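After this come two complexes, each holding chain A, first together with chain B and then together with chain C.
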Partner chain A sequence: MLRFIVRRLLVLVPVLLGLSIALFAWVRALPGSPAQALLGERATQAQIEMINRQMGLDQPLYEQYLRFLGKVVRLDFGTSVQTSQPVIDEMIRRFPATFELGVTALLIAVVVGVPLGYFAARRNGTWLDSATITGSLIGITIPVFFLAYMLKYVFAVKLGWFPNTGRQEARMLDVEHPTGFYVLDGLVTGNMAAFWDAILHLVLPAIALATIPLAIIARITRAAVLDVLNEDYVRTAESKGLTSGVVTRRHVLRNALLPVTTVIGLQFGLLMSGAILTETVFAFPGVGKFVADAIPTRDYPSLQGFILVIATLFVLINLVVDVAYGLIDPRVRVR
Partner chain B sequence: MSLGAAEAAITVAEDHGGGVWREAFKRLSRNPAAIIGAVLIALFLFVAIFADWLAPYTALAPDLKQIKGPGHIPGPTAEHWLGLDDQGRDLLSRIILGARQSLLVGVVSLLFGMIGGIILGLLAGGLGGWFDTGVMRLVDMMLAVPGLLFAIGIAAMLGEGLLAVMIAIGVVNVPVFARLLRGQMLAQREADYAMAAKSLGVKRRRVILGHVFPNSLTPVIVQGTLTLATAIIEAAGLAFLGLSGADPSIPEWGRMLAESQRHLAIAPQLVIAPGLAIVLAALGFTLLGESLREALDPKYRR
Partner chain C sequence: MNNLLDVNDLEIVFSRRGRKDVRAVDKVSFSVAPGETVGLVGESGCGKSVTSLAIMGLLPKRGVRLGGSIAFEGTELIGLPQDKLRRMRGRDLAMVFQDPMTSLNPVVPIGTQVTEVLVRHRDMGADAARKEAADLLARVGIPDPSRRLKEYPHQLSGGMRQRALIAMALAAKPRLLIADEPTTALDVTIQAQILELLKELVRESGTALIMITHDLGVVAGMCDTVHVMYSGRIVERAQRHELFAHPRHPYTGGLLASIPRLDQPRGERLEPIQGSPRDMLAWSQGCAFAPRCRNRVDECVGEAPVLAPARPDHEVRCYNPLGGSDDR
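After this line comes the complex of A and B, so read on.
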């Protein structure tokens, strides 16, 4: 087992190093030089050279890269063009919003998607099955931002059931936020009105963000359960006279849900892409909105830092999922 | 029997190529999802190709006499079936002309992604060894960056322009095709016909290029159909974020949606129409692609 984990960890090193090289090169390939961006159009040659010297841009490339790597390891991603604050501070400040949104969305996707896929497989060929397949196909083809607007129009603008934008009502500006996770903050400070308000603000963006993962999880669960239902050991268990509840719990779900966990781990990237669009539609002040705003402002340090952090998290999450899978299913370790 | 004749016999024997597709086509013609998908695609292609001829008005000229004052957005009328946009332009015409833009971006970016992926996958699956390992690490790396974020980064690097957007979406899809083709080639290399060709003394390069590679392309083609749908959605997403690249005078569904969002409360049709257009175009390719995958997958054969 340890060898399996070490082997998986070793694969990470070239991937992460390669990524850092790619992002280092990316900044250099961007149109316009950093000195030009700082000084504007009318900079003199001497000024440009001075800035280049100050920023170390006159050094050989590999030295520049090593310095960049040294900074990245210390989580120093430079200064945001949008706010003139360190990129990492901006990300940490906005992280709780995106985390709350992403976790809620993933929760919706799993809680709805897994049972849906399970019952579709159990009632294979019925209307429920066809509806699940068709629904999931439509779910993956609706652009996240379009769905977000439709939800906003129907449930916020027309029906007024949910708030339109943001994380908290403006009248609650004086509410305390000890953790930055607004739902948790409401609970911790005992402010039930703020707690409820934070949840109401999460509902629509979380549903929009959950749609594609939900569709994928339902499909994968359905396929996995169908596969397992055809296995000999399920037939054996049934013919032994075990109750259907026991067969379902011990034999069907335990085997079918394994591949599903891997797929849930893979949803992280989709959630991050989706968060950029969803947070923009709902003016939800998270990391995704910050990245969307980085495009028109050409805030490349923020984009670079965000890509590095997200890719690293993605790789680590999948490592954890892989290792967990290896722990549960010994067959995986041999591969 | 000479080597050439023997190899030809193998090629004939492995020619489930045509057979598989003929079988698949028969199954597709009985599958309602596939038929709906094909109809949607046909409609999309028809509208995109004959856009100039179908659009009742030009995309740019506003019909100013319909606007009854600032901020007034006329809804559907007999003259303008979907109404006008916030600048007094005919919405239906803009949707129709936008189809061509979507098709163009979708097809070209798919080609970029598919060709890049096939080259990488073929080299990795064919050469093997350290090259294969290197390509697979590159693929891991590319897949670690969420697709939209990856596309944003590349589009920012390449600067303004439609080509930048198409390349960005294409590059994002390269690892998907590369991994798929490589995996399929590794599996096909163990197939009986490849063994037969190898034992006849056919050169390795010829076995791989002449037998293994063509027999590995089926899932790549299926994936291509599905990727066309995601490419259309991704292009709309980039346009929504301000990276449309296209000439602002050319209607683009994603940008139309982004530009009309501030009128959502008073004129929701300005958001709904381009949104539905994206969904229907993407749904057509998804339905056909998924049905194709099912039809070609031996697991689903009864």
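After this line comes the complex of A and C, so read on.
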């Protein structure tokens, strides 16, 4: 197992190299240039050349790429055009936010979606089953920005149960953030008020963000459990007179969770790339909005850096899914 | 006589909304004495597997209507609450299924699939169960059992898997074992081994066995009593020797004639039963086998024949049985 993981990590190197080349080429291929974006339409040729020289854009492409690579290895992603801050600082600020929100949303989706799908399959053809199918259809089709606004309007504005924007109350500005994960920070520093405040800030955006993964997970679980219930080995397990708990856990769920694991991994990867709509509605300082804004401002350094990190996360999550798969199913285990 | 299992007028009807009811098993009665080996013979769809699932209480609750009675040592199994059934299944009566390739859980080690029976029904701790499981695997002829316990089903051959499934079924020392075509999915050489193993194990342990098969060859080698089923009803029953020596029902006769024999003259063709199982009458319209029967007479269509004694300890459901009335 360990060798499998190490080998997969080594494979990561060429994947990331290829990705950095594609990314580098793609960003260069975008119409417009940073110089133009910075200087505006009336810039003179001399000014543009000066900026290009400053940013090294007058060098041959391969040299630009090698320099970019050398810096990336040292975690130097340059300076953001949008905020004039080092890109790495933006990352340290935004990835924990997105991670915290994404994990919370995924947790909701899994904790609700898997049991829902399981019971729908077990009660196949009953009202619970129909309600789950219909509900998941609504969950997939409902526009996120609409749902987010409704949640915010009802639970934050009207009822006042939850804060409506951001990650932390303004009055807690002086709270320490050693890790950048606000919920964790509250625990680490022993500041329970900040801990609870961070959780409250997560609830509404996480619910808005969880609907689609929840619906997908519930559906996949339902289909997988229905499949497995018809398998001969479940009948064998029943014929042994095992308790229904053992049959369910050992013989039904262990098999049914294989496809669900894949879906959870994919959804987690998606969540890590940020959620533009949800972040916008709740003014949540995550990755999604920042990256979206980097495109019109030609913020090459931010775009390259963030996409590279998101892609790395995606590949790592895939690795985790593969390892989990191997743990559950011995047939795919690589020796 | 005190029987281990008494099946009386068992009826199994599948009903689905918008479809006509299907009567899969129709007034089937038979009994199994302790230690006896009983054959339930018939072609696909005759209701033999459904009967065994009904005995095990493994039929789905929805869409299935059960009638009649299934008594195991005097306990009525039909309508017994699930938790009581769960305590009996695997402990008092166990089952070996047809396809060993799909009947084992692919993601759980063989060992766990054996020990879970011991833990559940014999109150064993993990260590004792593991030791006993190794013994069981050794007894069903799996070499190097302690290594096999850690392996997964995909690492075992088909024959080995069926052996493992037999070990699981016998783990809690049941008094009745149902084997539903246990050799159909296996190579011919392995088939013989598995049958021999089953025969030996039930003899050693005194377990009664219901052997479900379409293969009269299997029956000839192991069963004490044989019940031949056709279209949901028993059409003939007798002791094994009696049945093979004097088959009375034309269907049984057809099954026997379609088995190749070593002492057959060379070049002689096998005699198949005409038609297919789908060419049948509803029992309400006469004998279900009539459309395929060589011995058909006018009475066959109309009122269904009843199961009646043809010779001592030999019952047949036919108006015009083979061998006529000469031996009567």
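To be clear about the criterion, the second predicted complex is superposed on the first by the 275 of 335 C-alpha atoms of A that agree within 3 Å, B and C clash if a C-alpha of one lies under 4 Å from a C-alpha of the other, contacts with A are read in each partner's own complex, and residues count from 1 in each chain.
In the analysis below, contacts are C-beta pairs under 8 Å (C-beta built on N, C-alpha and C of every residue); 3 or more make two chains touch, one makes a residue touch a chain.
Everything numeric here is computed off the predicted structure, so don't read it as measured data.
In the superposed pair of complexes, A:T134 makes contact with chain B only, with no contact to chain C. Once the two complexes are laid over each other on the shared chain, residue contacts for A:N230 go to neither chain B nor chain C. Greater residue coverage of chain A by touch, when chain B is weighed against chain C, goes to B. Common to the chain B and chain C interfaces on chain A is no residue.
Chain contact summary for the complex, chain B toward chain A: residues 33, 137-138, 140-141, 143-150, 152-153, 156-157, 159, 229, 233, 236-237, 240-243, 254, 257-258, 261, 264-265, 268, 271-272, 275, 278-279, 282-283, 286-287, 290. Contact residues of chain A toward chain B in the complex are 11, 14-15, 18-19, 22, 26, 29-31, 134, 137-138, 140-146, 149-150, 152-153, 157, 269-270, 272-273, 276-277, 280-281, 291-292, 295-296, 298, 300, 303, 306-307, 310-312, 314-315.
Of all residues in chain A, those touching chain C in their complex are 125, 231-233, 235-244, 246, 250-251, 254-255, 258, 328-331.
In the complex of the two chains, the chain C residues touching chain A come out as 56, 58, 62, 82, 85-91, 94-95, 97, 99, 102-109, 112, 116-117, 120-121, 152, 154, 165, 168-169.
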